[in-house]
Structures are given as structure tokens and as C-alpha cells.
């Protein structure tokens, strides 16, 4: 089956903090004081009240220079422009496909945004209900999310299977400059696309490797603060 | 329960051995429902509440969506076997009222404008009821919302304060709620934003002179600070539990 | 958690996996997940239990009240089983009137229990033809990770086994008074339900939610044992696919073994 999905995860925009995944991180709850002093600037998930920086969500403190952020550990997917997501076709309308991307709004894929020209009459032949795509979020509006399949590593996914991890763990699974996901791909020989919405597609040379790849990813996804995870995973692969 | 009049005293010991300002043993656990985006359990002694949060997610029907803000939707109810007289499944007027005041108790800490057209669903159920169910529910829901990664400026803490005649007591049991002596029973359920001088739930039934409300506020502040510590610990432990699973 | 409906490609993958006798969690096709049981989880219930089958969790409570006997069973107490699929347990359970699953679940549990004769309802008469004990079994899934039926039946049985009849003072029940009289349960009978699920041409037991969503049929058997003889007390097939006679024969071979195994697990877990 023709499948030109290739290194799609590189299309994902990394969270700025993916570089710092290995630093020691403090867990904070809403209302806790993270730091005191005029020097600090509150970033996402934090706010300033007088001289204190407070946590505005439950998560891990991330300090980059003077900016203090709180990164979520659990929770639903909040869609952003340029996110690559994996979704399931839930409906076909006159103008395009409705895609369930497992977020508060459904995604809409206009017919013009398919990777090649699709005739209005053959829409369901290209993408039917229940089919899976790797798409990029083009815009996030209050009424919905616009998607496109134009781009490297995007399009209809065939074969393999998809499963979900908690969205905030995606940077962990990708790793610094893609190091973790590359390791998993190498060790299992699988093609893997990681969606920012927590959905992951795996297609491998055989069932055993596909199952192994999923196990590895789920293992990594649970190690929220562990350092030296890449080394740990080398070990894991020799034992599993 | 004795119908004696009780004098107000800081040395007062209650029938279960507690001091006037002591809560029942509190138990809090986060992550009890894997399917939910966030979940928690909170108990005051024999009153046990569980809460699950789903969202932000799509709100149906569409005409209920608010383009300027997300909606916080709370549903509180008792499980049929949580009370001696079996509660028939289905919402009652009491549970509908508690659902609404719970929503008002929690919404001040959430910036709902960040999530237009969506809903954050909070489901609270009481597994075992021994008074203080709405306060246990709010404490559980507060943790569940944080667990779900919902941007919140603070946690919400809740406890009920009452009177045995003239004696103010904190976190009543059902027996204490039903006390008939002297000035009669009083049940004052209060929720406070943990690190701020703001009260988001206030429901009173009974008889209490206005001069004594200040005392009530003061002991509520003290008690909520303790509840916040319990909630904080449970949230942080949830991370460890996940990593070591 | 996700409310996303299962995709075509994952369904295909699961079909292939089951044909090759493989599952994501490494279990055999007819292997049940880890069973955890907790008794007496609510002091206000006459009997109660929490059952976890893997990540599936169900709470079951038994309450007793006084009622009138049904006209066609004036010499027997009443048994009512209900289930409330709380939206708490899954992003797929919406609030409102019950869907088909919500109607099916309590009825499956009801029949497994009633048809086994586990409860001697004739011993629950208070005043002949006028007043009887009504047993309410209320099932609440707390987390749905597949196979709620089997987990719920185990929960109901455990709850019944630790139920104490409340004290009757004249015409009213004093729920607060300490009770010691157990329900009139027939010794030795403890039914369970064993549900076989089907994907493609593969039969298997105890699916996770993901596996359950890929199924196209299920058949739930209520099975119990009196002395040395096992009996099938109830059966219900759901879903659009069909079962072949050889599959039914295969199930009949597996059922008795599974019944023993699960009862062992229950004994250990209690």
C-alpha cells in the first residue's frame, strides 16, 4: 500500500521547552508561590501578584531565564496552530471532511486541502468514515479547527494502528531533537507518527514490533520527571 | 444526642473525641478514575466523595455554546446506597441545587474565557454520606479540576461549620447536624479560595447570632488552610504514582 | 480520556492480532485481567462491594426496603437490579435517559442471579401476601475499561454475600441498628457471568475498552454450580454478528474451566 508518511513528527513544532525535559522540575499546584522577586516574568501557567509568581495550573515548573512557566502533566489537548494531529474521519459534508481530533472542537478538512486533487464525487473513496489522517492545524477559530493535509508527512494513514497517550506527554515521547522517538523507531523498525493531540500511529514490519513500539511509547509517556530516560530506554529495549 | 445546652468553650470535646475546631480524618486521592481527564476522591471521616472532570470538550447541543466563554457544568448526586434510606436513581431537587452552588463555588478560580464554546464537565458522586457531602464534593472536584490541567488560579477548599447550642464546631457528622438542644442545630457550608480572602460558597441553615459569624470565618480560614495542604499532597503524589506504575 | 470512536485501521489491526492470538497487554485470549475485590465500601448500604477487573471498576450496593409482593409471586420477596452508567466512568456515557447498554447491563446481572436460585426469595416474606423484603441491587460503573457485565455480576454477588438484613421495629426499618442476619442465600450457589466477545472470527474473554469497541458481538452466560453440577442459568447474545455452532461448542468447553478459575480468583481476592 502506497504510504508516503515519512518522519511526520519532524513537522511538529516542538514546545520551546522540549530542550529542558531533562532538567529537575518542581511540581506545583494552583495557588502555590513559585518564586518571589521583581526579576521574574510569569509565562504560561503562571501569574504575578505583587512580588510573587503564583502557579495558575497543576504542573511542572519550567524556568527559562527570567520566564517562569508551568507545564501541564495531565489533561485534555488544547489545539494550537501548526500542531500536527492524528484524527478519525467522522463525517463527510459537501465541502470537506469532519475530523475528530479528540479535542473540544472537531476539525474540518476542506476538500481543497487534500494532498492531491479530489473530485467532489469521490470524496468518500479517498477518505471514508472511520479512516485516519495525519493533519496539520491551519487555524483555530472559536467555531472550529481548520486542517490541512498538505505538507510533509501528512495525509491518509493506512495499515498499522493508532492509540492515545496523554497529550502533555508528547514532548517526552518525541524527546530532545526527536532523539527518543528516533530510538524507538530504530529499535522496532516501525514507522511512527506522533500527533500533538496524544494520538500516535504505528506501522511496523510485523505485529510483534508494532506491539513492542506501543509498549515502549507508553512506558516513556509515564516517566514524567525521570532523567536519563534515553539511556533507560536503551536498557528497556534489551530487556523487552 | 443529648438535648443539653452546651456552653461555648475552646476545651469542648465532641462525642467522637474531636475538639471543636478539628475536622474528621481527611483522606484525599487523585487519579482514581483513569478514563477521566482529571479525578479525585476526598473524605471527611465517613463522608466519601469522588469527582471526575472531562474537558474542555465539545458542548452539545450547539445552541448552548457560549462564544465568549467556556461553561462549567457540575453534576452532584448521591449513590443510591450512600444513605440509609435508599435514594432512587435520578436527580432530586436537592442534588440539582447542590450542583448549582458547587458550580458557583468552583468557577471563580477558572478562567473560562480561555475556552469559548466548550464545556468543562465536573461529575461528583457521594459513595457514603455522613453530613458535609457538598463540602467533600467541592474538595474532590477542586483536585479533579487541577488534575485535569485546567488553568486555575487556585484551589477551592470547603468545610461545614455548625453549632451545638452555643458551641461552634467544625465539620459536623450527621448526628451533630441533627442536634436539637438549646439554640438548635446550625449548618453553615462554606467554600474558600485557598490562598485568597474570598468565599465562593455560603449556605446556612439554623440559628446563629451575627456577632458570631466572625468566629466562624476565622475558623474556616484555619481549616481551609489545612484542607489545602491535604489537597496539595494528593496532587503531588499522583505524579509519583504515575511514574512508578 | 478519549471519546474518539475506534478507527477502521485499529479495528483491522485488532482483528489480525486476535487471529494470531495476540493482545496488546500480552494476555491469552481467554485470560481475565487482575481481579481486585473490596467488601463493605459503604456503611449505609446493607451490603456493598467494589470490583476492579484491570482498570474497569464497578461499585455495587445492596439496599433492603419493605414492599408489596408482585401479583404473580405473592409468596416471594422482590429483587430489583439497576445500573446507572454514570458519565463519570467514561467520556462515552452522556447524561439523560439510558441507552441500550444501560438497559442491558442490569438485566444481564439480574438474570444470572435470579435464575441461579442463589437467593431464596420465599424466605423474604414479612406478612403473607402483603409485605415482603425488596432487595435493591444498584450497580455503578466508576471506570469503564471494558467488560462491565462480568465485573458487575461479581460485584453483585459479593455485595449480596455480605448483606445483612436491617432490623425491623414494628412496621419500620431501623437502618442504624446493628444487624447480623444475612440474606437467605442457598449455600454453595454463587453465579458469575462469563461474556464471550467476538472480533472477526476470534472469540475471547474480558476485553479492554479498546478491544470491546472493535467487537461485533457478545454472548453473556450466567453460570452457577449446585453441589457438583454446573448449570447455565442464562444466556444473552448482543451485537450484529453471529455465532457458529462450533463456536458455541467451544464456549461450552471453556465455560466450566473458567467458572472454576474465576471462583478461585474471587476466593483469593476477598
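By letter and in written order, the chains are A, B and C; residue numbering begins at 1 in each of them.
In the analysis below, a contact is a pair of C-beta atoms (placed from the backbone, for glycine too) under 8 Å apart; a residue touches a chain by one contact, two chains touch by 3 or more.
All values derive from a computational prediction rather than experimental measurement.
**Q** By the document's touch definition, which label belongs to this structure's chain graph: line, ring, star, complete, or other?
**A** Looks like everything touches everything, fully connected.
**Q** Looking at chain pairs A-C and A-B, which one is connected by more C-beta pairs in contact?
**A** Spelling it out, more C-beta pairs touch across A-B than across the other pair.
**Q** Using C-alpha centroids, which chain lies at the maximum separation from chain A?
**A** Centroid comparison gives C as the farthest chain from chain A.
**Q** Averaged over CA atoms, how far is the centre of chain B from the centre of chain C? Could you give it in whole Å?
**A** Going by mean C-alpha positions, chain B sits 32 Å from chain C.
**Q** Nearest whole angstrom, what separates the Cα centre of chain A from the Cα centre of chain B?
**A** Distance between chain centres: 35 Å.
**Q** What are the residues of chain B that contact at least two other chains?
**A** 37, 57
**Q** Send over the residues of chain A in touch with two or more other chains.
**A** Chain A, residues with two or more chain partners: not present.
**Q** Indicate the residues of chain C shared as contacts by at least two other chains.
**A** 3, in rising order.
**Q** Over in the complex, which chain B residues touch chain C? Could you list them?
**A** Answer in residue numbers: 32-37, 46, 48, 50, 52, 54, 57, 75, 79-86, 89, 121, 123, 125, 127-129.
**Q** Within the complex, which stretch of chain B touches chain A?
**A** 37-38, 55-58, 67, 109, 115-118, 146-155, 193-196, 228, 231-232, 235-236, 238-239, 242-243, 245
**Q** Under the touch definition given earlier, write down the residues of chain A that touch chain C in their complex.
**A** 87-88, 90, 100, 102, 128, 130-132, 157-164, 198-199, 207-208, 210-211, 214
**Q** Which residues, counting only chain C, touch chain B once they are in their complex?
**A** Counting only chain C, the residues touching chain B are 1, 3, 41-46, 48, 55, 57, 59, 61-63, 65, 82, 84, 86-91, 95, 136, 138, 140, 142-145, 175-176, 209.
**Q** Mind pulling up the chain A residues that touch chain B in the complex?
**A** Listed in rising order, the residues of chain A that touch chain B are 27, 29-32, 45, 47, 54, 56-59, 72-76, 78, 103-106, 142-143, 168, 222-226.
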